[in-house]
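The following blocks contain the structures, represented as structure tokens.
In the two assemblies presented below, chain A is common to both, partnered first by chain B and then by chain C.
What follows is the complex of A and B.
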């Protein structure tokens, strides 16, 4: 029997909100929980209901100016990566793919590093990362179309080829970059970190993340149909080609927006949908919202660790990889035991 | 008003120019009637079904559909653990907008369709845990929930054990006779066609390519020409009713003994 508790999604949403509030209190500058709650209330409630400002200027700065944009950005990026992964896995009918594997992340990274090399503005970096991600997907798709008879395996193989190509280009960019000024910035950005996330980053990345994320959530039942396979879905009246392109564009937007503001944060898009599937089952109508919420909670937890584990902040991309790879290995072992259909 | 649900004439298909998979096939299916498509592997049965479904353009010929068509693919595995109800619900895809989700009415229709096959108790079970026959019935329920007038089935009984073959063939017959649906199905088994089909289209190069009453096509001579091996049409009585079937003739199955029959490959002359 497939039974999932109807309260799981509301509970996940509540957990995500709690995690956001908790994360506002995490950091080197000490802010008491009570003060932090009062500041949050002041932000959320209309002026007449807001508590009196008993906090210090420094506390306000730490919570609102430094932490709030970062916490919101991490939440949105995590939710976006969770959604991107769940959508890709459904669309490609393969629970072992993620944005890293089909080449989007490497393409976006190339765009971003090129932007750093050429001194683009942060908007320019976002657009460049998006162009890189979309370009990588387009290349992978064109390559996959050469595979006779279509299907999913050519898409994955083409993604691996394109990812390898962009990884090589990324190496080339690092080789030609000025080792004193550009190279450290590029490498640090590539490893993935939310350190120094500003309100400007949030303003830049939030609209595309919210729009593309909402689009995928609205398309969630269509992912059930796409996951049946091309012939069956088409026979049910789904315009397979067009729908797949739409989903690809939305996924590329999510990943590129995240990569543009925080570099490559790997493994989230691969591992989070699996955890969500354990909680709410395979039906994408519940899986997509669950993946977004689990993604937000997971990345917030990772970012909190990155901020507090050591005196100097750890890059979050390293942490997600350290946590994500063993989890993925476990999932791979489990999937082999269960015999996934990989086409 | 015509009872016809689909009519195709002189349909041919080539993936690359002038390299024909098949040419010149014609046929019709009316309400309450069953058309079986027979042919050896590689003759283009599945390609023809795709064209009949409207997925792809025939290189030549015309296909007219006069009702809603639904597809029942060959027995398949789904990569994700959907429930039986989720699977049936997908039949409503044509009625639900791109960004919309299925509602209560859709769910009620899906449960009704399951109940018609006596599967309502399985609604929350994982689809992949069902037996092959039950899975095929769930996909039939999905076709009904789409409001289909014509069902197109790709080898519906091929991957099933004997009990489930009987179950599915019986349902094909009932859906046609009692519910007035038209049915097209491909099969490798002439005796399946003999059991349920009214008309048969043999896919064979250089033969007459029009469908014909089952009694005209399902003869020993036509089937021998189609498959290149002899088949025997056998009549028998079961519980007071006369039945017919086809029996395979396996050439060496009656050889007296292994040692006097074909030389053993393990023994080489000195």
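What follows is the complex of A and C.
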């Protein structure tokens, strides 16, 4: 068991808040720190806006209309992916699983792309992405149950099969999409970006992200029991089957909500729980909140880079993959030296 | 056909046009037996072939994406038979050749892009022994003119090609004179959005970017050297005077006027967002390039005399023998989508339908 400082979680929470405030000041449009602080204060304080504000309409637009919904959405999405990854790894007792591996991301992407192809509304896109993610997970789970003897390996293999199937369907949707009106949106959405984030996206995605995230945090005790193994968990009074389905549904909700507003953002759900585990250990009572906070901070950092490194915005999914793969390789190397810390 | 014949009767290649091209645009010799009677094309050369030949008789096959531009625009009215041209592309839907289908057509020229993924697009055709003619992507005025002359040679219509080149040059010369008369007027900053979700503008060094300059504007995104998406904040930094939306995507000016994120942009405040007309070839080739420039110049400099509607009607009557109705013109000019934008009344019919 790793001994951790009791202040780590409060410090992570403070870092996350600071990162949100910092991110509000980051962008292509120049807004001075003083102006940004005045705008932020005007948003936070209940006093009515001054009739003659000291900022320009463009500065207000940059901070309030463009950055604020995006920063909040990125924070929630990062937290959701961190939580989803930590929960899946705990439930399946395998540090190599993440939402990408078990097919949820590909399934959600299929639902979202289908919605773009069929001109669904934003709400329709969210629901379609959710249905795709849940459907993929259901298929993976059903396929895994065909495996003899149970265990984790069939779940991972089934996830890989289902992900490959949905990836093929995604290719088919791109093939039939109109190259002028649909294909660019699909492709850009598929590689992941928060570029089009709006208040409407935040209104759509925040409730399911918050509800499912809170649900998983409330289940952190039971996840500790599940990570002991099915037999031990059942012996301690846990209804293993029902609990797994509940966790699966909550994870699918988190991932689908994130995919619906920003496309596939890979590696976060896989790498962030490992980083969090290094800070607070494997006890899910601390690991889940830590994964959420590290996920929020990590994704905010990646998004800040995506929108400021060059004049043309980089897709965040590409950045998380570029950063995530070496981090994961390092963790793999470290695990080979010490063994994965699971308990 | 008769009208074009009358228009171009007696046209011989003028002095200065030089010898007809003997090589394609990668330097390879043209097929031995010309003119070609059965051609396959994957690119926008289709539109010029139809214009030169006034029909589809020589077009044995084409990519579905270029045929779709014809059938959904004004060229579809002139050449309804284009809808029956066989599709000759494989999986990617654009330029990847379906070699077996092309071999079955036994063409005497296959027109394909060069420099754009040659190993996938060009090499399979050459391996199959097909008579490939390489075309460079049109990046400049000189490219458009060279391509028109090459297609004139291939289709046995060098005189017609030369007449169209001369017409093109004359129209731009007239526009340049009109613009030169606007003493002291500044060039408005124009942002041409090729896609609106994500925001992908036309950057510098491109043919379309040069068109904006040629039409009396300044490309707001000239600093971009490559194709890619930008942030909305970058557009706030550029703060363009005018925003153009690609002719054939789903974007509408109204959506930008209603979007709070665009409210601080000068073009939106002054209601100067326009959807580019569709025309027959997306308002962009040797025939419609001057029309695009006239359209834009009149919007950027409302002091110019208004004659776009008349020019458009005359162009289609003279070159395609087509009489465009008011409804045709309204559809082409996106009259409904652009009706609420500033200065657009000049392009609308005097008596609303």
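In this section, the second predicted complex is superposed on the first by the 331 of 343 C-alpha atoms of A that agree within 3 Å, B and C clash if a C-alpha of one lies under 4 Å from a C-alpha of the other, contacts with A are read in each partner's own complex, and residues count from 1 in each chain.
Keep this in mind: a contact is a pair of C-beta atoms (placed from the backbone, for glycine too) under 8 Å apart; a residue touches a chain by one contact, two chains touch by 3 or more.
Bear in mind the structure is a predicted one, so any value in this text is a computation, not a measurement.
By the touch criterion defined above, A:90 lies against chain B but remains apart from chain C after alignment on the C-alpha atoms of chain A.
After overlaying the two complexes on the shared chain, residue contacts for A:234 are found with chain B alone; chain C is out of touch.
When the shared chain is aligned, no partner comes close enough to touch A:163: not chain B, not chain C. When the two structures are aligned on the shared chain, A:126 is found in touch with neither chain B nor chain C. Of the two partner chains placed by the overlay, only chain B lies in contact with A:283; chain C stays clear of it. Contacts of A:218 after superposition on the shared chain: chain B is touched, whereas chain C is not. By the touch criterion defined above, A:39 reaches neither chain B nor chain C.
Once both structures are placed on chain A, no chain A residue is touched by chain B and, in the other complex, by chain C. Within the complex formed with chain C, the chain A residues making contact are 27-30, 56-58, 60-62, 65-67, 175, 179-181, 184-185, 188, 193, 195-196, 198, 307, 311-313. Chain contact summary for the complex, chain C toward chain A: residues 65, 91, 93-94, 195, 197-200, 223-224, 226, 228-234, 236-237, 239, 246, 248-250, 260-261, 263-264. Listed in rising order, the residues of chain A touching chain B in the complex are 1-3, 90, 93-95, 218-222, 224-225, 227-229, 231-238, 243, 277, 281-283, 285, 340-342. Interface residues of chain B, counted against chain A in their complex, comprise 50, 53, 55, 70-71, 73, 76-83, 86, 90-91, 93-94, 96, 98-102, 124-126, 146.
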